[in-house]
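Note that the chains take the letters A, B, C and D in the order they are written out, and that residue 1 is the start of every chain.
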C-alpha cells in the first residue's frame, strides 16, 4: 500500500468500526450477527468486520482488509463469514462503496415469507423508490448469495434487498449510506407490517413515487448510479 | 432583531434543541427523520431543525431561524425539508406556538391505512378529546401538506393529525406541548393497535369524552384555542 | 408528626422516588403518566407522586404527603390526580401498603377490551394466583375508581386489576411489591397477547395454579392478607 | 476445594455474574426472573444465581455454589428456585457446561401454545439445526422439569427447549454458549412470530438445514456432543 492508500484504509477502519455501533444503537443486530464493509476507493480492497467478534470489541484495529475476492490482506482475524457476498457486490456494482448485512427483525420477517415490502409510505418512496424487492434463497459458501443480491438490485431503484429465508442486504455510495438504508429499511418494514396487521394500506401512485424519489435523492445529494 | 427578540430566540434555540432529544428518548424518530419547531412569540419567525443533521449534533447553535414562509433568517444550514408545513400552520393557526413532525411507528401505521384512532381510552379523551383524525395524502413541495394539517385540526379538538400515507403532525401552545402530544399520540396509537389485534375495544361515550377532556385541560392548564 | 413518623416519611419519600425510576426503567410509563404511593405504617398518611412532574425531577423532596382522603399534609405541589383512588384503597384494604397506577401498553390493551388475562403460564400462577381480573369503567373525580379497584381485588388472589378503558392498578404489602406486580403484569400481559395472536394457549389446571401460587408466595415470603 | 478448584470457581463466579448482565442487556429477563449456571469442570459442582436477587446486585461474590443435587456448598444465600432443573441437566448431560433459563417474551409465547418454532430461516438452521422443540408441562418442586428438558434435548440438535406453559431453557458447552443460545432463541422466536402474523414462511429443506448447521458449528468451533 502507498502511504495515501494506508491513510485511506486507516480512515475507513475508523468509519466502519463506528458504523457498527449504529447497528446496535438502532437495534438491528444481536450478538455478532451483522456486518458493515467499505470499499477502498480506487483499489481492489475493502474494509470489513472480522468474524465472530462482539460489537463492543470492534475497534478500528480489529477490522480486517481483504481484496475483492475475500482474501485477507491486512488484519489478525479471519473476515466475516459474509465476506464473499460483500466482495461479489463490489466486483459487479462499481457505483457501490458500502455494503451492510443484518438479520433485523421486521425486514427478516418479510424475507422469511419472500414478500416484497409494498410502497405505501412517502418515506419508502423517498429512500427506496418503490417496493423493496426480494432476492432468491441461497446457501452460504460460494457466489450464490452475492449474485442474488446484484441481480435483484439491478432490477430496482432500491438500495435494499430481502434475501429469502435469510435477511436483508443494503448498499450505498459509501458505508454510511448503506447503514442509513439498513436503518430506514427496518423502520419501514416494521411500520408497514404493523399497518398491514389491521388492514391493507393503499399503495402510492407510481408517478408520486417517482416524484418523491427524485426530489429526495437530489435534496439529500444521494443519487445512486 | 431587537435584543429582547434575540434573547427569546436564544432561549427557543435551547428549548427546541432539548426537545429533539425527547423525540429520540421516546423512540419517535430514527436517523434524521423528525423535527420540532417553535414560533417566536409576536414575531413572524420560527426556530426549526436544520435539514439532514443527526440528533446528536443538534446543539442550540445548529438550529435555524426562518420567517413564516420558510425563508432563512439566521443560521448556517438550510431548514428542515418540512419547513413549509410548519410555516403554514403558524400562519393560519395563531394559537399554535409549537409544531412537531415524526414518522413514529404506530401513528404512521394508522396513517398508512388512513384510519382515525378511535377514542377507546381515558387517556385519549384526556389529551385528544376524541378520535385522532386523518388528513389527506399530500406531496411535499408546496402548501398542500400544511393546508391538509390545518383543515383537519380545525374540525377536531385533537392536537394531532395523521397525514395519510405519510405520518403524524402535532401542535401545541408551545413546542413542549406539541412534543408531549407526539409522545402521547404514539403511546395511544400503539396501545389501541395492540388492543384491536385481539378484538374491538368499546368507544367511550361522547359525554364521558367531553367531561374527561375538559377536566384534563383545566387541571393541567393546557387549554387550546 | 413525631420524630419517628418524620423519619419513616423521609425513608418512604426516598423509596417512592426510587421506585418511580423502576417504572421508567421497565418501560411502564411515558411522560408523567403513572404513579406510586406508599402508606405510612400506623398513620392515616401516604407518600405519593406530585401531579404533572417529569420522572427525572422526582427527587425525594418532590414527593408529597397526604392523609387517606387525599388532603395535602406536607409538600409544595398538588398530589397526583389519581390520589383519590390510592387513598380509597388504603382506607378499605388495611393489608395494602403500596399502590401503583400505570398505563403500561399491553395491560392497557387488555383493559381497553375489558378482557381478563387468562392464567396460561406458570409465572401468572406464581404471582397472580389465577386470571388477572377486569374492573369497571369509571370516571375520575370521586370514589368510583377506588371502589372499582377494591371490589375487584377482593374477589381475586391477584394483586393487579385492569380498569376497563383506562389501565392497570396494582397493590402490595409495600410499595416495592406493588411495583413488582406492575412489572410482572406488563410482562405477562405482553407474553399472553403475543401467544394469543397465533393460537389459543391452554389454561393451567386450577389445582396446579393453586399449588404454584402457594409455593411462590411462601418461597418469596410475599403472602398477602 | 483444592486451590486449583477454588481458582476455577472464582473465575466462574465472575463469568456467571457477567453473563447475567447479557440477559438484561438483551432484554431477556425482568425483575429477578431468569438465571445462568456453569458447571465446575471435573467436579460435581455448579455456580448459579442466588434466589430473588436483583440483577444490579449480582456481583461475583453474590453467586452461590451447589453440588449437582442442588445442595449449597458455598455462599450466603439460597440458590435459585430453578436449581433442581439445572442440576438434573448437568447430571444427565455430561457434555453440557452451562444452562440458562429465562421467560423471554417471544420464546415463552411459543411455549404457552406448546408449539415448536419451525426452521424457516438460515439463522435457525445455523444455531439450532432444525425446529426448536417443545418440552412437557411440569410443576416445579422435583425432577420433572429437569427430566423434561433432558428428554426433549436428546431427541434434537437444538440447544434450546421450550417448556410448555413455562418458558425456555438453553444449554451449551459453557455458560457463554448457553447465553448465546438464549439470545438467538428469543431473536428467532420473535422474527418467526412476526413473519407468521401475515402468512406462512416456507420451511427450509432438511438437506439445507443440515448443511448450514454443520458449516456453522465448524466455522465457529461450537460443536456439541
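We take it that contacts are C-beta pairs under 8 Å (C-beta built on N, C-alpha and C of every residue); 3 or more make two chains touch, one makes a residue touch a chain.
This structure is a prediction, so every number in the text was calculated from the model and none was measured.
Asks: Can you give me the shortest step count from chain B to chain D, moving only between touching chains?
Replies: The distance in steps between these two chains is 2.
Asks: Copies chain A and chain D touch; is their interface built from the same residue numbers (over half shared) or different ones?
Replies: Result for this pair: different.
Asks: Once the Cα atoms of chain B and chain C are superposed, what angle does the rotation have, between 0 and 180 degrees and to the nearest 5?
Replies: Rotating chain B by 90 degrees superposes it on chain C.
Asks: Taking CA centroids for every chain, report which one is farthest away from chain A.
Replies: Of all the other chains, the one whose centre lies farthest from chain A is C.
Asks: Between chain C and chain D, what's the gap in Å when you average each chain's C-alpha atoms?
Replies: 32
Asks: If you average the Cα atoms of chain A and of chain C to get two centres, how far apart are those centres in Å?
Replies: 45
Asks: Multi-chain contacts in chain B: which residues touch at least two other chains?
Replies: Only 197 qualify.
Asks: Would you mind writing out the residues of chain A in touch with chain D in their complex?
Replies: The contact residues of chain A facing chain D are 30-31, 33, 51-52, 81, 103, 105-106, 108-110, 112-115, 139-141, 165-167, 193, 196-197.
Asks: So in the complex, which bits of chain A are touching chain B?
Replies: That would be residues 26, 120-123, 180, 183-184, 187, 190-192, 194-195, 197-202, 204, 208, 211-212, 215, 219-220 of chain A.
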